[in-house]
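You will see two complexes here that share chain A, one where it goes with chain B and one where it goes with chain C.
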Partner chain A sequence: MLSVETARERAVPAARRSGGNLWRITKYTLVKGTTLLITVIIAVYLTILIANMGGYVDKMRESELRFQIAEEINQNEELRLLTVQERKTYEEEVFRVRAKQLGLDRPFIVKSFIYLWNGLTLNLGRAIHLTSDAGSAYVDNIIGERLAPTLLVMASSQLLLFFSAMFFALFLSRRYGSRLDRLVVAMAPTSAAPAWFYGIFLIMIFAAVLHWLPFGGMIDAPPPPGFWAKVGSIIKHLILPISAFVASSFWLSSYYWRTFFLIHSSEDYVDMAKAKGLTGRAIERRYVLRPTLPTIITSFAMTLIGLWTGAIVFETVFNWPGLGRLTQQAINMFDTPVIVGVTVIYAYLLALTLFLLDIVYAIVDPRVKLGGGENGS
Partner chain B sequence: MNKMLLEVNNLKLYFRTKKGPVQAVDDVSFKLERGKTLAVVGESGCGKTSLSKAILRLLPRNIMEYSGEIILDGEDIMKYPEDRFRREIRWKKIAMVPQAAMNSLNPVLRILDQIIEPLLIHNRDMNRDQGLARVKEMFRIVGLPEDFLYRYPFELSGGMRQRATIAMALVTNPELVILDEPSSALDLLTQANLMNVLKRIKHEFGTTFILITHDIGTASELADEIAVMYAGEMVEKCHAEYFYTDARHPYSRKLMSSVPTLREDKELVFIPGQPPSLINPPTGCRFAERCDKRFAKCSEHPPTFDLEHDQQVQCWLYTDREEVKHA
Partner chain C sequence: MRAIRNLLNQIKAYPSAVVGLCIIAFMITLSIYAVIKIPYREAVRLWKGGENVWIEYPRNARPEWFNLFYKEKQPVTIVMKTTETPELKTVTDLGNGIAAQDIVFEFDYQYDGFPAELSLFFTSKFTTARPNVEIKWITPDGREINMQSMSLRPSEAYRISQDTRLPRRLNGLQPEKGLFADPANPNKVLKGTYQLVVSGLVFEPEANIEATFVLYGKVHGIAGTDHLRRDISVALLWGAPVALSVGLVVAVGTSLTTMCLAACAVWFGGWIDWIIRRINEIVMILPLLPILIMIGLFYSRSIIVMMGCTALLGIFGSGILSYRSMFLQTKTSGYIEAARAYGASNFRIIFRYLIPKVIPVLIPGFVTQVPSYVFLEATLAVLGLGDKDLPTWGKLLNDAYSEGALLTGHFYWVVEPAVLLVLTGFGFAMVGFALDRIFNPRLRGL
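The block that comes next holds the complex of A and B.
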């Protein structure tokens, strides 16, 4: 009886391993890639529609243009002598030429698809009003200039928060019900206040009252001479934003991860690992962290791409020259190319991350097979 | 070498809950000889699994009381500090086969890595190749093909996984193996296979087993002694040969008469009522409410009485016999 069962069981998985793997993965990659691309296209197109207020921005730009032309004529000595009729004709003529230059003569619906194509091919074009600090009107230059400061402040705070909260939570999950654990649970609601709210208080205490740290900005004005002096100045400016960010989210993140680890530490196999005589550290590494790695990686990847959008109010409070403030300025000024540019890049990053995550899952979790379905487990 | 491998005295395991303390294991005492198998039977929720966890010190977070003596090979292992217990007892002397083999294997590690783990932890001088040879030997004994070593748990059927956990329990050659309902989630054929494997291991290696089960039929295949648990207490313990014909505690008798047999034509009986809650259980005999032999004395807690054939019963019906000291 023993051997009968053995033979039967042996037959099944052998078939599963053989052949067709490459085709399965290729097919999966194509399908997944196409789906994500369609999502990106829809998202970008919606952004174009919204950022242009369904074409209304064109009307605003037209009236701006008419106003501008009228001003020019008024200021021109020669043109001021024209009759009303002549002046009107001249005005129309100039308007027609300039509108054509700006592409205002074509209907919005046609242009929206041109915008879409340009956006998707990362041909971001020129901003309408905004310029980079170096004076360039090209959207990629503007975004490029703001990207570094945002990454600097957001990446350092997010990474610090992510790892400190996660390892603190792992530590807490072993001390369920302890005084420290209850403190974290009690403090979690304080994260309801956003980072900029803590920022205001920190600025008030450490900049306004104590004068220890600067109010805002990224570097002293004028920048100090020498590389290390610059680095020192930037670090000094980073302390308050990072503290505000970590202070606002640390408790809630710890609480979240603690609960997550508590749930996953009550799996039967964790008990078995303990029964086998593994050390606490080995249990944590191989039986708690390892099986939950896909979730942790997902959360981490989402944190990373979340950096891209910056944080509007946060950067405003700290007068930080980042992408968040750029987005806000662009929205205020109806600078649609900048809005679309920021969105397109975010959409691509998100899609790429989701795509890579699927592959990473298949690597870290043996239960996941790319394009499994009918021939998977 | 002691003839007596395990002696448990007055073991208590209480949990703290919102409604009050749960007396999952209440004052349980028993002895187990080397090479014998003790089957612990009883209804669901009577504290069988808690007893096994108490012996291996696998305690939940809401522990309230954990006391008594667990004497293994002449040493009271309850007195061991946590780290010594981990190094010297867990899987080195006592191993277990868990109730739910489905969830007892880490889903993301290969079977081999999980089985070899205790070997490498507990034998510092053993290298991986020696470990592998030992694991392969265990796989042969439990009847699993070698290539299963390189599979992940989800690629195995329930029966295969249960065999793998048995191989895992035996790999360090422990003196005592606790089998916690090893076959309850399996179909009858696989169950029978598994019991055969266990019987062979018992005879070939002389391993001592504690078999925890609610299935008296399964217990009869392996058990030398039978202990009956009811509401956290051990109400009867005797040799298997007498238990099936001559159980003494009214609960054991009812339990036996609820088991169908092949050769006799008997009417199956069920036990009316529910076992009492382990939160604030009755102060007297805990079975009294469901017992048809109860009398005035039953409102007091019965001590354990020693009967002939080494039989021990916690019931007032046997008052005329000699009382056991540890009761």
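The block that comes next holds the complex of A and C.
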């Protein structure tokens, strides 16, 4: 994704200049940040264009507004007595005022920029049908409420997966060719199926057949009293999603890291370290892990990105009350503001991850020069 | 030709790849069979058919081979029609244009399970006076149970299982149970020959009654049926060509285009390179699934549109960067220099010298990508954004999931499409991994 090459080339080509490291890091960060911000703006605008191409969404909102007005008139005792003609003009009048309030009367180009600004400032408007558990109809409240559960399940499974796979791979690379090693190689293709897919099987086995674990959701309904009982219930509900995640990617990750470590253990400097008589652990830490750190970090960031986008179906399958499930509910209810809001949030999260990645990369990888120094060859 | 044979020889060294190739071959055969057996239009018509097409099929029936594993054998569907077997009907003229039309549906019931439903469908011909029928049930031990007497409209359905008056005559049991229960033990089926006797009376010389008796079984076919009585095997069969074509077309198309674009970007450099890299940066930030969801929701759920958009975003995805860095290395090689020296055109250099160099990386790449697109289609379908017309594996999963198949224990409904999806995915992944190890010198022997 973000190879050394590009990172190097993206670093500002400037003449060698003396100056504090801090200044260089700041400058690098600023340049990176600005580029990413521009990218985010374009991405969000594209999202809005797609969401509202041909004014389809506008039409939907208009008809919704008309329906709403007609309903209001029907419910009003006095207005119900109006003649057909009067009623029509009244409806039109109300519609015109309301549409103006909502900015529906302006041309699409203008509106798209209003939407863009609203999107970027996270002023995501009101949902059409969905509400947050606290009862708010504002999209940002709804999304905010769902962010924590997504983070909980995704972060715990991704972290578990990442570290377990990496250390398992280190262990394997020491036992290259063993039966366990061959098993991992053979099992790697099983990761072709995504996590939700394993989820279905796990639910079937452990929830439907064995009745050991719950089918889905985050906590028992009604929630058990007491803090620790609640935590216990959440952990019980976490087991299957996390297992699905780990089951789907553990073999491939182990295989990938094992191969990676094997390639890097055959470098000359590792042989040199072995010749010096260093212990296996010291070699691993100083001569295998240290030089490969940038790649490990990149891969970790990519897992994080996968975290954000992989959640939708995963949470749907596990009925997990997170962002992904919200997206799915919004799809079913045709709740456009929520869908656009979620997409914008995803774009932001992706950009933020990439941004952090770039900075960490620049700090860790000595080959990436910060805003100066070696001019990307 | 020799290159291919060489490659096949190398693949033979990897048993998993051989298995993978077998799976792919099986899937291709299945696809061809599906397309020949059920043409596209027929598949769409069947899958969207609803009750008219599937009326004689049971609801949520398990596959027939389940009977092999259980001691209690479940019934298959029995359909008897007077239009097909006229012997079922005897006509006696009673004079004055009045005639008795007696229909006897006789069948041998040797299963241990009760049927799922019972229905009787009539079509009758008359001008003014509606024919009359009396329906009676005769059990193997000779009990006679009067069920219903009714006068018929041109088309009439008597859903025996939904007759609310019948349970009173059957000790409170549901008709489909009570009619078959052993009087000594109401939870056991009384095996033997049952008769459903329809004594009809028509009051006009030209009038006529035709009847169809359907005993809905609890098992059906090789794949079972779903909540709309549809035969799941139709979707299982048709899922194969859909999955294969989606996976292959998108994977091959995306990787080829990406490669060509990367080659052009590297070779021409300058603003072309700049633009392609900026597009890549934007695409990296666009969340693919939400975008696809919006497209599916607002414009079209057609599989072509959805996969087209996936391909479009995939072209500028992360792959382009790795190709780019490969081409950057190749660009400085001596033979490119030589080609430039003899005056080769840009086009020639790109397509004859640059691109062939990375083909070994390309092939394992797209083979391993195939499963991800196959599963992407399933993912979209599970979210309810599957193709409107086509029956696919993903749509089966979606139906099963939204009908709570896991909660109600209809596991076959989930497992069948899932197993096929897994097979396809694993098949391609196994071959891809082996190819990767064959083509990638750094991985050789690892």
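In this section, the second predicted complex is superposed on the first by the 290 of 377 C-alpha atoms of A that agree within 3 Å, B and C clash if a C-alpha of one lies under 4 Å from a C-alpha of the other, contacts with A are read in each partner's own complex, and residues count from 1 in each chain.
Assume contacts are C-beta pairs under 8 Å (C-beta built on N, C-alpha and C of every residue); 3 or more make two chains touch, one makes a residue touch a chain.
The shown structure was predicted, so the numbers you read here are calculated from the model rather than taken from an experiment.
> For A:Ser191, is the partner it touches chain B (first), chain C (second), both, or none of the two (neither)?
In the superposed model, A:Ser191 contacts chain C only, not chain B.
> With the two complexes superposed on chain A, say which partner A:Pro222 touches: chain B (first), chain C (second), both, or neither.
In the superposition, A:Pro222 touches no partner, neither chain B nor chain C.
> Which partner does A:Gly135 contact after superposing on A: first (chain B), second (chain C), both, neither?
In the superposition, A:Gly135 touches no partner, neither chain B nor chain C.
> Return first, second, both or neither, reflecting whether A:Ile263 touches chain B, chain C, both chains, or no partner chain.
second
> Among the partners chain B and chain C, which is in contact with a greater number of residues of chain A?
Of chain B and chain C, the partner in contact with more residues of chain A is C.
> Is A:Pro107 touching the first partner chain B, the second partner chain C, both, or neither of them?
A:Pro107 sits against neither chain B nor chain C.
> Under the contact definition given at the top, report the residues of chain A touching chain B in one complex and chain C in the other.
After superposing on chain A, chain A residues 1-3, 5-6, 176 contact both chain B and chain C.
> Can you list the residues on chain A that touch chain B in the complex?
1-3, 5-6, 9-10, 13, 176-177, 267-269, 271-279, 282, 286-287, 290-291, 293, 364-367, 377
> Sort out for me which residues of chain A touch chain C in the complex.
It comes out as residues 1-3, 5-6, 35-36, 39-40, 42-43, 46-47, 50-51, 53, 56-57, 176, 186, 188-194, 196-197, 200-201, 203-204, 207-209, 215, 259, 262-263, 308-309, 312-313, 316-317, 327-328, 331-332, 334, 339-340, 342-343, 346-347, 350-351, 354.
> Over in the complex, which chain C residues touch chain A? Could you list them?
Result: residues 16, 20, 277-278, 281-282, 284-291, 293-295, 297-299, 318, 321-322, 324-325, 328, 368, 371-372, 375, 378-379, 382-385, 397, 401, 406-407, 409, 411, 414-415, 418, 421-422, 425-426, 428-430, 432-433, 442-443, 446 of chain C touch chain A.
> For chain B, which residues are in contact with chain A within the complex?
My answer: residues 56, 58, 61, 86-87, 89-92, 95-96, 98, 100, 103-109, 117-118, 121-122, 143-145, 147, 151-152, 154-157, 159-160, 168, 189-190, 192-193, 196-197.
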